[in-house]
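What follows is a pair of complexes built around subunit A, which joins subunit B in one and subunit C in the other.
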Partner chain A sequence: MTTAQVTMTTAPETLTKAQKILQGIQEKFGVALISAENPRPDRLFLKVRREEIRPITDYVFNTLKGRMVMSIGTDKTPVDGHYEVSYLYALDAEGIALNLKELVPENDPVVPSVAGIVTYANWNEREVYDLLGVKAEGHPDPRRLVLADDWPDDVFPLRKSVPYNFKPPVRDVKPPMRELTEREKKSTIVNVGPFFPTLEEAASFRLFVEGERIIGADYRGFFAHRGIEKLTDNVLDYNQIPFMAERICGICGFVHSACYCMAVEHAAEAEVPPRAQYIRAVMMELERIHSHLLWLGLAAHYLGFDTVLMQSWRIREPIMWLVEAITGNRKTYGLNLPGGVRRDFTNEHCDKILEVIAKIEKEAGELVAAAAEDHTLKMRLVDVGRLTPEDARLLCCVGPTARASGVNIDARKDFPYCAFPDLKFKPAVQHTNDIWGRLLVRAEETFTSIDLVRQMLARLPEGEIMAPVGNIPPWREGVGVAEAPRGECVHYVETGHDNRPYRWRVRAATYPQLQAVPYMLEGMHVADFPIIVGSIDPCFSCTERLITVDRGNANKLRIYEKKDLLAMSRRRTQELR
Partner chain B sequence: MISKIKEALICLRAPRVTFRYPLEPMPAPARFRGRPTIDGAKCIGCGACAAVCPPRLIDIHGEGTTRTVELNFSRCTYCARCQEVCPVGAMQCTTDFETATNDRANYSVKVELAAVACQSCGTPFITQRMQQKLMAEFQPAWMQQRNELPEWLSLCQSCRVEKTGMTMGRNIKNG
Partner chain C sequence: MRSVLVGIFNLLFALAAAPLLDGILRQVKARLHSRRGPSIFQTYLDLGKLMVKDDQAGANNTIFSLTPIVCFASVLLAALFIPMGGVVPLGFAGDTLVLMYILTMGPLCVCLGGMASGSPYAYVGVSREIMTLMVVEPVMVMSLIASAVKAHSLMLVDCIRQPLGAGPSLSFIICGVAFFLALQPEVAKVPFDQAEAEQEIMEGPLVEYSGRKLAMLKWSFYSKQIVLITLFTEWFLPWPALESLPLRMACTVLKVLVVAALVEVIAQVFPRLKINQSMRYFVSVNAFALSGLMLAVIGL
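Entry: the complex of A and B
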């Protein structure tokens, strides 16, 4: 649909939400808008002139109250001589995903930076430069983000000319450090990492510390960047990617494969049978229940409440057995393919699900009640790791992290997918802006999920579970959005030839949340550090080393192992008792 | 303090949750997707499994008149896609999950099948079983009875293309 058609063929009162938004942009920016597509009521794909991206961004972010989801950089030079740089926004109130795409000529790979308007664009633009070589002009901190420090400066892996298995030689290069403020220069620097206890990514934080207090932090991560998006170049095809997507996260993998499949189904305009939609949604909610119980245990563990860890993981385990019996594996369910799901629920499965969640409801209820009354626990969490609603919005945080800061967004409500249009629930929102709030949000969500599963099983549609997608025409775009336990998960697919996407882009919830961590750390005790980072639920697991640098004598390194870090955090709990 | 008592009660009421595995066997559920294996008596060497395997662990290669279907499941993702697409039920994901071994060769399953030669150029191009299966599914009964091979099943791809090209050329010439 061209922009002209929208205005000519439709009277104002019959305009859909998306068309109204499009009209607003058209009136305000006129020729800056090159083309517009509205393939589904809740998707709006615009091509805009890159010279005008700043005012348009300002309008979308500040006037339309859009939330930036991610940037997408695509190398289209073999097709039409352009790089494409897109910013995907979620207009949560309207439930519309809005994509702003800039065409960037091959001989001038530069776009104006919008990080001054949307703080969250910071990482997104650095990532586009790292992977595609399109520079964000005027970026406040254009350090390398995604690629390894010793990766060659002039090789941009997402360019189609770079082979997927290209391996540059190892070099000895120092990691990029940011400029320190005067105050930070005088502070003690505490290095945490490079193997930070997060399951998906090894990460490194530099904390600037005055006495016990953290005054600033810098982050370097992506050490485990696996380049899976590149595999769509010529390795994986449409039906193989779900199994790759499922391995993005070590806990909530199912939501990734579901989200990818939704993106492909949207692009292919394929209908998924209702029963498959419900099965997907049930599995996603089961995943949320076990993920939140896992988090509760870990959070308590960092604070020294190991009974809560033991009990919440014990309570969680029956879900793992349940999904194993249904799908064939306790973690990688392998259920999703574009078009539906591969294995059906039997009646016995449904009964078993109800039985397991009833037990969890009772046991988790008791555990949460006991933990919530725990005075010491509360003291460790209230007013710790604060994130104001304003910062949460500027950093485009999602999930429990955003909802605990009063940002009322939930993809299940705002972008209802699978079975969610039929279901009744209220997103859990807290206004405490701290870790205590994040705990309350997750606790409430666990019980909401139990209720949602009951609602779904009570009305589980009969019928097929898979509808063949058929041949997928090239150059279609699809965006899959789903609420993962950690927050909104988004997959973007642009279809290509040879039965595989031309571009596949993934944004997991931890991407915005991690950028918020330095804000949460400010003014906090070093001993609060593990629980603050843990509060965004980045899947803690890998072992950790913490190095303090004595600035008087740079050779004198103190190395803290994970146990020291834990001991420090726990000592603080003891002190409070 | 009350919360501590509550926590203690929860712990005391909790039943034993660990298993005696590996001292006692622990069978996996029926739908479990475990170690894949190929039933050599059934496999026809069609290659469907090789085409769908995400980590590309199944290889079909030929030497002379044998075609080998080789599965090396050391990097298997246990997706069971191979099992799903196998037209004859030869590929099966068992419920076996104890795959630790000291010898990498234990991760490999090989099925060797006889291949038939192209009637025109003599290159082996298809497994015997595949040819039989195709014949059983697509040939009219009278042809099967006379055990007659249709041309399209007895020529390799390049000869078939050449032949079709010639026929087409003739047809065009003849109007």
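Entry: the complex of A and C
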């Protein structure tokens, strides 16, 4: 391992950014720092004493201006008798991912809560308690977050002693409700969800309403939590996880598998061939174009503006056909493996990509120009769903949601990955703090992505698309960061034995964004609810089952099974080629 | 005899042709969306499907159950009042006022039914519906009364013949425009369909209705749409004054199609406004209609 134990004998002017930061922490906290690793210039893994986590968090968040990315709870009790609770920070200005790890003894699973310093830590600490059973002392709202309401109180699924296929008995338990304020008690409660026409995913908002005004909101989600992180215990191996990761999201799955692969490659110190890097980046940008067009349509639909919905999805469709011709699938490409990609671009593919994005540039340009001029659309979006830059920072929002609040972060710029170090572009930033700004940011990004794809295809390197990763030694850590259409997507991998990670942790962009929704809802109208939730572009899932009725014989149902769907899909792909 | 035949035609027109008009409007909408769209008879199939579906009995009380019937009946009654080809089936002194009352009955019924259903979405929808009624009904009343002032009569027949003889006056044009603007919320189309807004409150007052009751309510909405648009074309677009009655009726049917398509196009090029925004908008439309009425009073 090339882990550099940083020595303080180096002259200050030759220190890298990461070493300077480490030096600062060492000077300030000294003994609180147990160990430090700096495996790559842009990664800093620290172990700190849990008693000192609050002052260190305060320093990292408020002085270094770090942005909390996620908490990672790992059960290391079979190895060394400890639970490990980490907080991963992104130092966007320096482009460094900083991890603060606390060791928690098995017989005293408690850590001090830092939710008072970083509001966003709220969900992270609840998740660590739900899944690992390490309690955050002093947490303002320690309700259950991730697990089902009837899950037993003393079973923590991410502990290695719990089997991955453990099924608790079904119980009748009331969901945990938030304590209401006096004003909220007097208001009308409008329940939105878990199933609601404009929330295509299961999520439940309780809106406290006075007349048409929303005075508060409470969220309960994770109804479809699938526990896939647990599958790395003894089900999936390194090369299988990308295909699982791709299925995390119904729209931007490719970025998840790419992000996971980057985390593994970092941990294994594997080099990915340049051509594979470029193919990944092109696919990610194509994904962003179709995702943003999808969002524009959905946002218009939430406002009852179905003409824009239909037109924007019509414009988007050629991208879906394009990627199907390249990868064999509309959405789940199955391209990524640690070490590279599985399919190459042919020259015909490149020509087709250029042709399709030129068409989209023209048509989307017309649509966006029409929308940007629309006075009524502005009436519905300007000053609606406001998120101040201060709140965006406290809640650690990412992606277009943060950029519309003037927070200039973009993983493609701050943590350049794949082909992005070679490319020229400017992140889209708006200072309006409202949904109108989020619309402008996404519109601009669509055209930026088209330009980026052109840049990449113009300089697409020749060569291999896959490099062997070799044996991956255990107990190494890797963090993959990528800018998904909805915002920064982060995967963390700690390597283990048996050709599988010891811990795999995923943070999708909607995780911080959803915590910001109650802030955006306050003081708005009931009519604004769908577009406010829609403005963060939450992720949707789909089912894969289809029943048709043969009308010639009304009683006869035909159920398409997996093999029929597969045959139909293959036929369709053949037609496109 | 002639008025009896026109009465029967009106009933059939409002009852049987209303789903067809909706089907045609769905085609108009689909074309604006670059879609192929369903067949123009799709609305009949939809209503038929609802008719045979189970009634989930969202709320079990009399008002809730009676609402669809009263709503349906009120629209059919209104169909007997509206002129067709210049002929008024049920003409009597003061029928203009009666028609206005009957037209308000439908939305009020829906409000009662919504309140009786007990759903919070329905409450929000009802409060929006009442607010809309409060600002839109005066526009319709003022626009219609302006013609009555000029005709010195409250009989529909005199009112619709007045502009044919005298030609369109300034007040008549202003009131026609105001009435057209009020059509959009009256037939519950975007941007003024806040009371039913599917994406926000799941069709508001209708949220608990299902099966036959929902079919009746929907059908009465389609009928109301055709009744109101017929009233508009007969009242404000009576030209050309053809000799034969069947020709005049055919002409009205054609005009209804054109006006309905125009209403649908407007619905497709705007997002839905919020209720407070649409209230503000209709306050100005009220002032506009009032100016038309004033002009009519001073004889312009």
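For the reader, a short list of remarks on this structure follows.
One rule holds in what follows: the second predicted complex is superposed on the first by the 524 of 577 C-alpha atoms of A that agree within 3 Å, B and C clash if a C-alpha of one lies under 4 Å from a C-alpha of the other, contacts with A are read in each partner's own complex, and residues count from 1 in each chain.
One rule holds in what follows: contacts are C-beta pairs under 8 Å (C-beta built on N, C-alpha and C of every residue); 3 or more make two chains touch, one makes a residue touch a chain.
From a predicted model like this one, the values you see are computed outputs, not experimental measurements.
By the touch criterion defined above, A:Met379 lies against subunit C but remains apart from subunit B after alignment on the C-alpha atoms of chain A. With both structures placed on the common chain, the touch criterion links A:Glu212 to subunit C but leaves subunit B unconnected. Within the superposed three-chain model, A:His301 lies in touch with subunit C and out of touch with subunit B [touch as defined at top]. Judged by the touch definition given at the top, the superposed model places A:Thr74 against neither subunit B nor subunit C. Within the superposed three-chain model, A:Phe529 lies in touch with subunit C and out of touch with subunit B [touch as defined at top]. By the touch criterion stated above, A:Thr188 is placed in contact with subunit C alone, subunit B being left untouched. In the overlay built on the shared chain, the residue A:Ser449 is in contact with neither subunit B nor subunit C.
In the superposition on chain A, contact of A:Arg314 is made with both subunit B and subunit C. Within subunit A, the residues touched by subunit B in the first complex and by subunit C in the second are 307, 310-311, 314, 374.
The residues of subunit C lying in touch with subunit A in their complex are 29, 32-35, 120-121, 123-124, 127, 190-191, 193-194, 197-202, 268-277.
Interface residues of subunit A, counted against subunit B in their complex, comprise 236, 239-240, 243-244, 247, 307-308, 310-311, 314, 317, 324-329, 332, 334, 342-343, 363, 366-367, 369-371, 373-375.
Those residues of subunit A that touch subunit C in the complex are listed here as 188-191, 196-198, 209, 211-212, 300-307, 309-311, 314, 374, 376-377, 379-380, 525-530. Put simply, subunit B touches subunit A in their complex at residues 2-4, 6-8, 10-11, 14, 17, 28-33, 52, 54, 77-81, 84, 93.
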